[in-house]
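There are two complexes below, and they share chain A, which is joined by chain B in the first and by chain C in the second.
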Partner chain A sequence: MTTIDAGPAVKGRARTLTPLWLLLPAAAVLLPLFVYPIYQLGLLSVLDFRQAQVSGGQPTRFIGLDNYTDLMSAPRFWSVLWATVLFAAALVLVTLAVGAALAVLLTKVSRWAAYTLSLAAMAAWAAPAMTGSTVWMFLFDTNLGLVNRVLGWEGHNWTYERLDAFALVGAVVVWHSFPFVMVTLYAGIKALPEQVLEAAQLDGANPWQSFWRVTVPMLRPIIAIVVIQSIIWDFKIFTQIYVMTNGGGIAGQNLTLNVYAYQQAFASSEYGLGSAIGVVMMLILLAVTLVYLRLLRRSGEPL
Partner chain B sequence: MKKRIAGVAVAAALLTGCAPSTNAPATSGTDEKTGTLRVWLFDEPNRTPKEAVIKAAVEEFQAAHQGVTVDVQYIAVETRAERFKGAFNDPASAPDVVEFGNTDLAEYVNAGGLADIGADLDGWAEGADLAADLRASATVDGTAYGLPWWVGVRALHYRTDVFTELGLTPPATLAELTATAKTIRQRKPDLFGVAVGGKYTFGALPFVWANGGDITALNSAQSRAGVTAYTDLLKDDNCPPQQCADLTGGKTVELFAGGKAGMAILGNFNRAAVEAGTVKGKYAVVPLPGVTAGSIAPAFAGGNNLGVMKNTPRRTLAADFLKLLGSKNYQLKMFDAMGNLPTLTSARTELAAKDATLKPFLDTIAAGTKFVPVDPGWGAIDSQAVIPTMLQNVATGRSTVDAATDEAAAAVSAALKK
Partner chain C sequence: MIRRLVPNTIALIVALVVAFPIYWMVLSALKPAGEIQSASPVPWTLAPSLESFQRVLQVNGFGRYFMNSLIVALAVVVLSGLVAFLAAVALTRFRFRFRTTLLVLFLIAQMVPIEALTIPLFFLVRDLGALNTLFSLILVHFAFTLPLAVWMLRGFVAAIPDEIEEAAQLDGASRWQILWRILFPLVAPGLAATGVFSFITAWNDFLFARTFIISATENQTLPMALLVFFKPDENDWGGIMAASVLMTVPVLIFFLFVQRRLVSGLAGAVKD
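So, the complex of A and B:
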């Protein structure tokens, strides 16, 4: 008793300070790793910073928001932004649907089938994006691809039409990212107390109802993580687009924001403009994530 | 309060300390006559013959300069931009003599990485042998930053067997080229008339130049005529957009070499690839015709330069080695090894007498070549795919020639203004 009784004032002060102390180690790692690059990104985005400035051929100039106004006034930027948002939204929905369906399937099938399915999914997950994209392009090659040969569509170019190309790239992205969703949700489902599902069954709920009314609400925290992860992942898509559509497709029809930033800025040594695109992307992702978390919070218990 | 001001001051000092780094590649001030001379040359597929020539040059140079070793490194062409950026940013690890693509020149000069070698070229006995349009391709604002080492130009390759079978003659004008291409496609539907690609910038530019247009005025009436002529070839009756809109120049080489096209616009540097294909012995080359009969469409003078880095501590040695590699003797050896066309006029005259297959290419050079704008903005125009986007927009019917050229012209002028 005597050991904890240190007086109300000290107690209050200690209580407010302790969390800060505990956060210190994490902050020591996170601040240099995240805040400094973000600060540099923001700084570069208000400078005229090209190769000539990096290597000292010309002085670095502060140009305020010029990079941003350049960006916003380019009609291309807006069309690429819209394409990226819609493409990412579609990818998130499909990845989640596929991942969740397979996670539920995993809980229903025999042990042997579950192993096989997990192993196949892991292989897709482990395949590097570059390799995966290249292999898929072999399959869908215009003249020599297996798919065209099987379908008898020799000479059909899968990346000629804008939507075809997006669909093909989207399939590869989903193939790469559904295993994460599947494994995470499967672990979540396995951790659910069986009595609850049993109770639902006894009350006469069919599998569809017990999935939507019981499983999904109880998995909300896990689903939130998976959704946010997928949004960030799919919004920043680069490799698959770059490899499969040859750097953005015919006349740039399949550009996404990240590829656009690379092409407009970094490949052209326009580091200032590139950083401005980076800042815009970061703000969009932050906004989407915050809104999503907000909605979740409003619709139920805290996460 | 005082504490807070101090805090702000510290933060401000920290922030300014964290500003993006800038290095000034100033001249080093020293000019050492001994030590290691570092040289960067491009790595190329099948580099062995090039390496043998360079080895001979290094031995000759080391014999003439006591106490000097020449260290040659071959850098990958694909990652050259990163290597050069690194060399400009960190003078300690930079080379003294470099080989670089002539379209990259302006960007490197703008970065302050290359030394002015105008005086060296003027004082060099063989310097006068360099054609003016070639020297201009390595000159920025009146200052020479490079010695054009070799050039490559493109000319029209055609299948002699197909032409004989169909009773065709090589086209004398661009309009005839289109007609001939369509005839081939019509009579032999498994062949492309002339292999063209939506990403083949240097195949399309001669059409623009032949019509009197230029990269800096893509939406002029003349340029539009050229763009129209080229994109008319990207149609189902010659090279269907489904298959050709996304082709690069390299792909057209494969198509022609593999016997899939009646004609193609290929470079002298593609000879090995074409000879290795199924068309060996079944093709001939003529200069790409211009608008009027007997004229030649101006070709793009691609090629590589040799230059001296601004921060080299061995300025004189570097210039001497550059002149040795650029001499007629070594230019001819490089031709034998790699097929690179010499930049010295007398060397080309000598070759023309020796090798008849070079005639169409040498005629093309003699008729006058064109170059991309010598401006750091060209790098951006290239990496933003301005010209391919224009061609593809027209070829796929997503945009009219007028709209596509207007868009491209705006992008070009924005990039050149910076």
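So, the complex of A and C:
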């Protein structure tokens, strides 16, 4: 492997152009704005830091793990944590099922049909979380919404019941995120050697069998990556919940960890407690990421 | 042909369902106010009007918020693209200690729940005296789009054959010249792809806009301005949909422009 810093011919100022210099601008941005805030988040989570401390009325106090023990003993934290995990799990499953089914469908249709479906999926993918939320809210509006009008359910409020609200938000999230799964899996299926599927067909496998016994095992690395990306995205849903349930639903019934941390900090001025929730989230996602890295290594991606 | 009739029909129906919300958004933005209130809404309009757009742009000053969003997103694209380009060159064209570690860190950085960092960043921005400014939004998105931009650009830099640089070196080009005159133009398609991604991230951001722009309404970006439309009892849906169209269309165009690159870049290890 030849690199441009090799070679004795290079002299003078050019010699100073080392990877260090090239990485310096990135470091100058990432250290203060990315690394330092992570450290600060950890620090805030072990402090008593509320409105009084922010305004300077009271001194900041180190309180060790008190914020964490407060959290652990709060039933609300556990219910939010559960809701977050279940909501994310449901989203991942549905997104994956829809994405995979449509990826297989794409391999069976004519060109124009595949193009039409891809175009529609792209539009859903590209729509900002904010405007995706607004248009779905309009479709499901209590009085003027098309859905209620068509169903004849005028006056039915889709965000009143906890599960209804989660389902509605979930539908928007799946609508946004299935295209990534569909397109990625479709690319994966197209890359499979055709002979393998033909051989399965000759051996008398029906489409269902060849999907589960041949396609899925061969796509395992791609599926793993798609699953983990989805877990990471779906665990961090913020905008849709915040906007569609007006900041976490009636009495906070639709809070997820993200929105919960945000509300603790910025609505209740419990900055220390909010940070502790943030740290918990960070640790959970770090664990998922480590699994992801191991899978990447195993699938042979050169770093 | 007949064999494909069933799957084609299913695909078409799915496409209609998936595209319907976007269609409904555009349609409702063009419907006159009376039709939006109508008890039996129809999926077309015979009297399209721009009155919702006019109301949004003139009465609510959406033009200003649109420009604010545009300024933030474009600044992020330029800054993040340039810095990521340099870092990507360092990580692909040189072998040095901790190179792999750095790469892994750039990957991990993409997984960090940025939402959780709003709390420390809020205080950081406050201490800088930058609350309520577009600068604060540029700053955080610059940082948060960088890891993915580096990760995506890395592949584009690596795809350029070493021989091109060697030839330039033999011709007496300095490394500085090689960097900007040779590598930079060759990576341009990659910069466009990553740029679109950075643009979309900054453009779509609701969280930081909500957190940092507290009182200076003139510095709001589109997502926050949109939220202002929601009123407890009577939502101006025509206006909300018109504003949503204004926010969606630029991203949609960009997205269709680079969708293929985006897919391979995002999927990371997935090969075409």
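Here is the rule we use: the second predicted complex is superposed on the first by the 232 of 303 C-alpha atoms of A that agree within 3 Å, B and C clash if a C-alpha of one lies under 4 Å from a C-alpha of the other, contacts with A are read in each partner's own complex, and residues count from 1 in each chain.
Here, a residue touches a chain if its C-beta (ideal position, glycine included) is under 8 Å from a C-beta of that chain, and two chains touch if they have at least 3 such contacts.
Everything numeric here is computed off the predicted structure, so don't read it as measured data.
J.: Classify the contacts of A:Leu44 with the two partner chains as first (chain B alone), second (chain C alone), both, or neither.
T.: Touch status of A:Leu44: both partners.
J.: Under the stated touch criterion, which partner chain does A:Leu30 make contact with: chain B (first), chain C (second), both, or neither?
T.: A:Leu30 contacts chain C only, not chain B.
J.: Based on the superposed arrangement, let me know which partner A:Leu285 touches: chain B (first), chain C (second), both, or neither?
T.: second
J.: Where does A:Ile250 make contact in the superposed view: on chain B (first), on chain C (second), on both, or on neither?
T.: First partner only.
J.: Decide which partner touches more residues of chain A, taking chain B and chain C as the two options.
T.: After superposing on chain A, more of chain A is contacted by C.
J.: Who does A:Leu146 touch here: chain B (first), chain C (second), both, or neither?
T.: After superposition on chain A, A:Leu146 lies in contact with chain C alone.
J.: Return first, second, both or neither, reflecting whether A:Gly188 touches chain B, chain C, both chains, or no partner chain.
T.: A:Gly188 sits against chain C, while chain B stays out of touch.
J.: Go through chain A and flag every residue that touches chain B in one model and chain C in the other.
T.: 36, 40, 44
J.: Which of the residues in chain A come into contact with chain C in the complex?
T.: Of all residues in chain A, those touching chain C are 1-5, 7, 9-10, 13-14, 17-20, 22-23, 25-26, 29-30, 32-34, 36-38, 40-41, 44, 102, 105-106, 108-110, 113-114, 116-117, 119-132, 134-136, 138-139, 141, 144, 146, 149, 175, 180, 183-184, 187-188, 191, 221-222, 225-226, 229, 232, 235-236, 238-239, 242-243, 258, 261-262, 265-266, 271, 274-275, 277-279, 281-282, 285-286, 288-289, 292-293, 296, 299, 301, 303.
J.: What part of chain A is in contact with chain B in the complex they form?
T.: It comes out as residues 36, 39-40, 43-44, 47, 49-58, 60, 142, 155-157, 159-160, 246-248, 250-252, 263-264, 267-270.
J.: Where on chain C does chain A make contact in their complex?
T.: 4, 7-8, 10-12, 14-16, 18-19, 21-22, 24-25, 28, 36-37, 39-41, 82-84, 86-87, 89-91, 93-96, 99-100, 102-104, 107-109, 111-124, 139-140, 142-144, 146-147, 150, 162, 165-166, 169, 174-176, 178-179, 200, 203-204, 206-207, 210-211, 222-223, 226-227, 235, 237, 240-241, 244-245, 247-248, 251-252, 254-256, 259, 263-264, 266-272
J.: How about chain B: which of its residues touch chain A in the complex?
T.: Spelled out, the residues of chain B in touch with chain A are 15, 18-25, 81, 85, 88-89, 107, 110-113, 198-199, 241-243, 245-246, 376, 379-380, 383-385, 388-389, 392-393, 396, 398-399, 415, 418.
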